[in-house]
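Please see the structure below; I have some questions.
We just call them A, B, C, D, E and F in the order they show up, numbering each chain from 1.
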Amino acid sequence: MLTTVIHIAFVLFSLSIIMNFWRLAKGPHLPDRILALDTVYINSLALLLLLGIYQNTQTYFEAALLIAMFGFVSTIAAGKFLLRGDLIE
Amino acid sequence: METLFSVTVGVLTACSVFLILRGRSFPVVVGITMLSYAVNLFLFSTGRLTIDGAPILGTNTEYADPLPQALVLTAIVIGFAMTAYSVILAVRTRGEIGTDEVNEQDSGESSR
Amino acid sequence: MSKVFPAPFLTLSLFAIWLLLFNSIAPGVVILGLIITTLIPLLLRPAWPDFKTIKKPHLALVYLVILIFDIIVANFKVAALILGRRKHLKPALFVFPLDMTDELPVTILASTITLTPGTVSCEITRGRRGILIHAFSDETPEETINVIRQRYERRLKEIFQC
Amino acid sequence: MWQQHLAILPILIPLFTALLQLLPWGDRPQPKRRALGLASSILTLVCAALLLVHVNQNGMLVYALGDWSAPFGIVLVLDKLSTLMILLTAVLALPVLIYGCYTEDNLGSHFHALFQFQVMGIIGAFATGDLFNLFVFFEVLLISSYGLMMHGGGKFRVRSTLHYVLLNLLGSALFLISVGTLYATTGTLNMADMAVKVAQLSGDEAALARAGGFMLLAVFGIKAAILPLHFWLPQAYSTTTGVVAALFAIMTKVGVYSIIRVYTLIFGPEANELVWLAADWLWILGILTLIFGIIGMLGTRDFRLLVAYLVIVSVGTLLATYSFSSAAGISTALFYLIHSTVITGALFLLADVMAFERGKTASRIVTGKRMANHNTYAVMFLIAAIAIIGLPPLSGFAGKLMILQAAPVSTSGFWLWGTMLLATLVMLIMMSRTGSKMIWHTLQGKPNEQSAPIGKRVAIGMLLSLSLILTIFANPIRDYTDSVADELLDTQSYPTTVIAPSSGEENQYE
Amino acid sequence: MEALNQLPLWVQWVIAFFILIGAVFAFIGSLGLAILPDFFTRLHAPTKNTTMGIGGTVIAAIISTSAQGTLTLNELLIAIFLFLTAPISAHILAKAALHTELPKFAPTRDLRDKEDAYQHETDK
Amino acid sequence: MNLFYIVFAPMIGALIPLLLRRTSRPVKTIATIAIPISCILVAWPLAQQTLAGDIPTAIQQWLPNIDFDLAFRLDGLSLLFVSLILGIGVLIVLYAHYYLSSKDNDSRFYACLLLFMSSMLGIVTADNVLLMWAFWELTSISSFLLIGYWYHQSDARRGARMALATTGAGGLALLAGLLIIGHIAGSYQLDAIFAAKDAIQAHSLYIPALILVLLGAFTKSAQFPFQFWLPHAMAAPTPVSAYLHSATMVKAGIFLLARMHPALAGTEFWFITVTLIGLITMLVGAYFALLKHDLKGLLAFSTVSHLGLICMLLGIGSQAAVIAALFHVINHACFKAGLFMTAGIIDHEAGTRDMRKLQGLLKFMPITATLAMIVTASMAGVPPFNGFMSKELFLDQALNQHLFGGLSWFVPVLATVGAALSVAYSIRFIHDVFFNGGYKELPKQPHDPPKMMALPVLILSLMCIIIGLLPMLTVSGILNQAVSSVVLDNITVKLALWHGFNLPLLMSAVAIVGGIVIYSQRDQLFTFNRQFEGQDAKHNFERIVQSICDSANKLFTYIDTGSLQRYMALVLISVIVLVIPQLFEIVTLEGSREQLPVDFVSIVGASVLMVAGFATAVLHRHRFIMLMMLSVVGLVVSISFAHFSAPDLAMTQLVVEVVSIILMVLALFFMPQKTARASTGHRVFRDILIASLIGGIVATLNYGILTSDFETISDFFIANAKTGGGGTNVVNLILVDFRGFDTLGEITVLAIAAAGIHKLLNKLKPFMPSSDIDGRPWHRIKHPLMLTNVANLILPMAMVVAVYIFLRGHNLPGGGFIAGLIAASAMILQYIANGVDWVKERFNVNYQSLMSFGVMIAALTGVGSWFFDRPFLTSWFTYLKWPLVGKFEFATALLFDLGVFLTVIGATMMILSNFGKMTTRHRPRQEGN
């Protein structure tokens, strides 16, 4: 049962990523795309967590944590680019 | 899975190569970066694909080949250094020349 | 004491994070953690601004519980809006006039607004006099402002005593 | 016992020097950096010489880094070829650095550090016995060369650096694909071990490995500047500063060395289905490169560019000679390699210092003002020209005769003869034209007042005198390159030495 | 997977519940991002729902490991981090959207004063 | 050893005038002239041996590997030439002493002359053909320097270059020929080559070898059609011309023919080629000599003509012909040196060499005129001078050859014509200069030269007479030995002025009469020739070289357009050409390894990856969007690593990808954000083709690899990680222990990159847009409040995480590199949120030093193992048990990793802070808003 649920979750997250990606590709504006990219990061993170549950391992925890951290940094960088052009000033 | 993997690596390589053949420095740098991703996947896969076998002793019974992983790690870091350098070199070139065209100006190709 | 622990709350939370990371309370981890979490604030002291510190920690806990509850509610609300019919969508852009000016409370309030039902804080307007909010639901701005004022801003002012 | 560690000193000395040079060093750091760099270069030279002597007396030195012996760990394999190349690098680096210490290093930041890093990378590439580690050292030498090439800045330099960098980045990617393919078919990275494994390959696996091997050829081809992968070279060498170009004289040789190493050891005589994998291609490409270099020389109107094409000609000569796959071919190629490295280095410096003293006309092959030290340069130019053209009595002539004799009396041999002699003629014409226009034909009036520091002339003199030494000791050196070639072709005993170090050395660590 | 299947059934149910909560909310969030009409409305969806999706999954992960004997809370860090940062990302993007004057969904009521619309926070 | 002295004394002695350059000319001249005289003294006893039939030799090994030894011999032939070179050399130095003006750099002149002398001596005494060739090339170089002595004159420069190119080319041909001969004979020693005569002549490579050798000889002695360079060598000072044309340079070619005679001559090919070329040269030379108005030009072409004569004799090759040839070598040397000196005197004293301007000089220069008439008569072959005798012998040989069968008669006829022309130009030389009417205004008032300047000419004229009258006393001894060493037989030469009335005498008479006739009709000849004027070999040569260079240049501007696109394409095409044939040889690509099942997530991942990759490529003109697509690619690659059991890789990839993208976004600010559509359809099609082929190659390789099994050394790492390295994360252990050296290199690369970037950003004034891509001014807020606050909160958190990741790397995924980048990104966030100034105020860290210390720590950890008598980078670990803390592990690898950690922070921060600094000070002013 749990296996089935996890598989369903895998599919749901995958579909989410596809939808995010669609938004990323379509835009129509840069903030849309950045938002979509940020969401791709978060959904990927969820996929990794799920994989950890599925394989019953802690191996992916750090990777997931890093996605959270670096997804944030990259979103901020992109946002700052839209606002100011220069990231570091 | 192996088929899917190799096709993906191939497509990624092809896309990168297309970018590398562009005439402006920025896309070329991006192409090289993407090529390094593809190459890392390739190099990684020379240890063959293993699922649920992270080479951390005591967590599994079968382990993925750790050597290519270590090689890819080195390659990633070196690639990072190279990307950083080339990106900034592109900026510098633009700063000095005023354009980001990679071809020499007043050559026949620049118009193409 | 303040020289060794320039920011006790910070040290404490860092230590908690340390333990969470290692997922262990083995003596080695604890000792090393104490050392590290003492050292890091000392090292980063210049970068640590003079935040208004929490004056009423117990109220902060209450605030946290409310927040988590609201987040869950917000999720269902937004889910309903996404799945519901488009004509229910009546977004609005309006300013929530702020009653406090300290950085940290304002930041927390703005974050709370974003995490809670139907609102996203878009701008902190000039001089921190207000927060520009984009609201999603069909409630009137006045209602929303009222809720925010009563439910969050009041509590934050108490917590930070400002 | 301590001689063991001698193996790694030529890598570590420049490394530590470079790291120290990155430190701030107070208000006037440059004198300190210079002293440090020169001291280190001398030390490297001494170590390289001692290493060569040691290896010559006691045979190949295998240094297992981290005490993990081959094929599992990375080993440095100091055989005669490696030590020879290392010594050559050290010998070239010292005068070039001396040259650089005379104000050249003030043109931009980090000159000294990058210089030492570059030396480290080159020496490391010569020393390592591991294919992936070779990649790493390639990157070390490349990234430092990127930095060095930019030294002094300017429009043209920046663009040619951009080209050079991007091309080499592509090359690095291809290198990784090749290494991956070879690892995937042989399961190892140590070159000696790979040689053993490659010999056991057959059928489709062998074909995969061949594909990897050929891709590697393209990679090394870029470094060595073989046609059609040479395009970066003239542009790069002619736009960068003289000192960097002179140091780069050994850079193409790293490519040539790698080709010799990999295609003799791994894909050489013992490689079974992959025997002498690259020989045919190297033959054709070598000759074409030579011809291309000839045309390039004819077409150029700049002294620096002329020297750059001289480098290309030397690369073509080297590879075509190597492709005969004979002991004599390899030996003579090595002799020629030493000679051409030293002389092209000297020529780049000469072109630089002449350009400086000529002022506006710089290194263009046109009539210009008399230089402040006109006569000195005239003599230097004459000596360098005689040496590089291959006229008696300097080293080039010995090298050329050796190669011509080593070429088999067959169609391919005649092709080499023909192209080499044609190249010599063209060099003769172009060098005499250059000398005639730049040195003989000067404008009336006072000579230019800008005078290069004497240290620069001393540095060039040092390099040119090396040609004299090469001439006088041509025979012992040839004897040595003969023994290098013999050792290189003895691809059966190489792996046994590398993979199972002799018991004596092993005991030392037990 | 075997280890999880050996857990008591109710634990499995709890885990499954949280996984599903997470996955469904994440899905809805992404759906919202895909179908909502303008940037500002789209911003609400992932900001709230996807974050919640992670929350569910994190709880599931914590239960699944903890139920096997050792209390494992480290995944909590991920959730904390996301709750801390998500509003900031949203804020920055909203700022950008306002700044670039992205078109708004027609029924949006713009109740800003003129002053509010053009006068943002001052620099420190 | 004395032979070495003879050859090398002038070479080393060349330094003497240079060292004496501050002294007066007489000192220099004496010092210089002492050298050839000392050589003569040294040679004297050796000459006695040679004349007695011995061959003195000397040998010193130099390059035994290529059979190149310093081997010298002094056989008859050598002696003959050595005498000429040294003897005339002495006279030339003496002459030059007076000839050179005070402005000329006499030191350089003497040095070059001595060098040249040495090279010539080397050629003629070399006992090894390679050695001979070496000296041959040296004569080219030294004659180049001599001809170009007055390098401020364009003629001198061009003449020198042409001579060098022509003789140099011939020299190279000669080398090839000699190498072939040496290859056939198995040795480069003369005796061995002579001994192998039959083998050589029977070999299939004989004809090519012969042609190559002849090319060498003919270019050097200016034989047709290579005669063009010699007249232009006249730009040299006259002493040089005298030397080059009489005893040396051009005689080197003749010497070569004689030297190789024993091995190469005697075949029909030799005969026909050499004789014909000689004959043609003789006629052509004589004809042009007659036409020249320049004294030296006349003499130059007469040299060509006489060399043709000698060449022809050597072609005939009979014993008598060889005698005649060598005899004429001596005679020609005597009279030609004298003639050039005379011409030089006239030029020197009268200020011109143009025969149209000169006339009636007899009155002013009686001594010169007398001497000139003697040497000219010798040249014209008038009895009783020596020239007459050798010409007689020549005509006799021309009569007695029968090698052209029925057409053999044309040889003596043409020989007589040549002789007649020779008489004609000789008459012109005398008549036009010294007679031909009264004196005309000249640049200088002519008078006889100083006595000592005329002395050399006097000596030479006396030689012409003495040899003519007493040949058996003077030259027969040397000729005996010389001819013997050419025909390899002991012979005795019989020379006499009077041969009785015979056909050759008649021919001589005909020639003299014919000569007078031709001279009297010379105006018609000049008129006839005028139509060919304007053809200057020097200009032609120059033009040919120039046009070759120009076409090469054009070719290069066409091929090498400085187009990176083309370079890149070439690299890729090379890969395609090299690799694809190998792939075609694969029979079955799919190996025996069982494939893993495909799952939905993987398909989605792969699809997203491919589409994102594709989008990155397609959207390359929208740069920011391209970067976002690249982010997706990087993220999915990272997830794939995680999926295929490589958590370390997943983290590293992710972290690196984000930092790279941030760098690119930073860069984008200074770059055009959009690219105009630029590529033509044709170009795009080509690129797509290349891209697909490369992609195909990589995919094929990858598929072949993935589906086959292999044996790898990796099991060793898994087996030894715990016991040998003390950790459980095998990947990390490989990085810090098994292959720690790679990692050391890798962080070195990072440090170098940072230093290089610092260099790149130095003094850079980048382009900075004051508005975004749509022309909107930038937002006014630099540092949004919410962001700064949260960034400040995150920094310590991230540091804790970094320490955690660092510490556990040894046993679980993590390590110094990732930890370093986490710390660095937290700092980047500070930069983004708070700005450069803010950070700099609070963290005054010298990132460069930090980075340097990082690498040092790593490397020093490696050095540390030396103290335990282990190789570099040997790791060590132990388990410690401390109270309270309990048992824990300490490994030196951790120290190494600390180095990595610090390097990464230092390098990354150095890059970013330097980048950031660029705009901080001079941001363009904001408009509007």
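Details
Keep in mind that, in the parts below, a contact is a pair of C-beta atoms (placed from the backbone, for glycine too) under 8 Å apart; a residue touches a chain by one contact, two chains touch by 3 or more.
What you see is a predicted model, and the numbers here were worked out from it, not measured in a lab.
The minimum number of touch steps linking chain A to chain F comes to 1.
The chains in contact with chain C as well as with chain E are F.
More inter-chain C-beta contacts link the pair D-F than the other of D-F and E-F.
Among the chains present, the centre nearest to the common Cα mean is that of D. Note: centroid distance chain A to chain C, computed from Cα atoms, is 22 Å. Mean C-alpha position of chain B lies 32 Å from that of chain E.
Separating the CA-averaged centres of chain C and chain F is a span of 75 Å.
Here the spacing of chain A and chain D, counted between their Cα centres, is 48 Å. Contacts with at least two other chains are made by residues 17, 21-23, 110-111, 121, 124, 128 of chain C. Looking at chain F, one finds that residues 562, 564, 566, 568, 572, 643, 647, 668, 698, 701, 705, 710, 712-714, 717, 738-739, 742, 745-746, 749, 752-753, 756, 760, 772, 779, 781-782, 784-787, 790, 794, 797, 801, 812-813, 915 touch two or more other chains.
Multi-chain contact residues of chain A (touching two or more other chains): 13, 15, 17, 30, 34, 55, 58-59, 65, 69, 76, 80, 82-83.
By the document's touch criterion, interfaces exist between A-B, A-E, A-F, B-D, B-F, C-E, C-F, D-F, E-F. In the complex of the two chains, the chain E residues touching chain C come out as 25, 28-29, 31-32, 35-38, 40-41, 43-45, 47-49, 51-52, 70-74, 76-77, 83-84, 86-88, 90-91, 94-95, 97-98, 104-105, 107-113, 115-116, 119-122.
Across the complex, chain B is touched by residues 132, 136, 139, 143, 146, 150, 153-155, 158-159, 161-163, 165-166, 169-170, 172-173, 176-177, 179-181, 183-184, 189 of chain D. Those residues of chain B whose C-beta lies close enough to touch chain F in the complex are 1-31, 33-34, 37-38, 40-42, 44-58, 63-67, 69-74, 76-85, 87-92, 94-96, 98, 100, 102-104, 107-110, 112. Contact residues of chain F toward chain C in the complex are 784-786, 789-790, 792, 795-797, 799-801, 803-804, 807, 830, 839, 841-843, 884-886, 888. Residues of chain C that touch chain F in their complex: 10, 14, 17-18, 21-22, 26-28, 31-32, 36-37, 40-41, 43-44, 46-49, 51, 103-104, 106-107, 110-111, 121, 124, 128.
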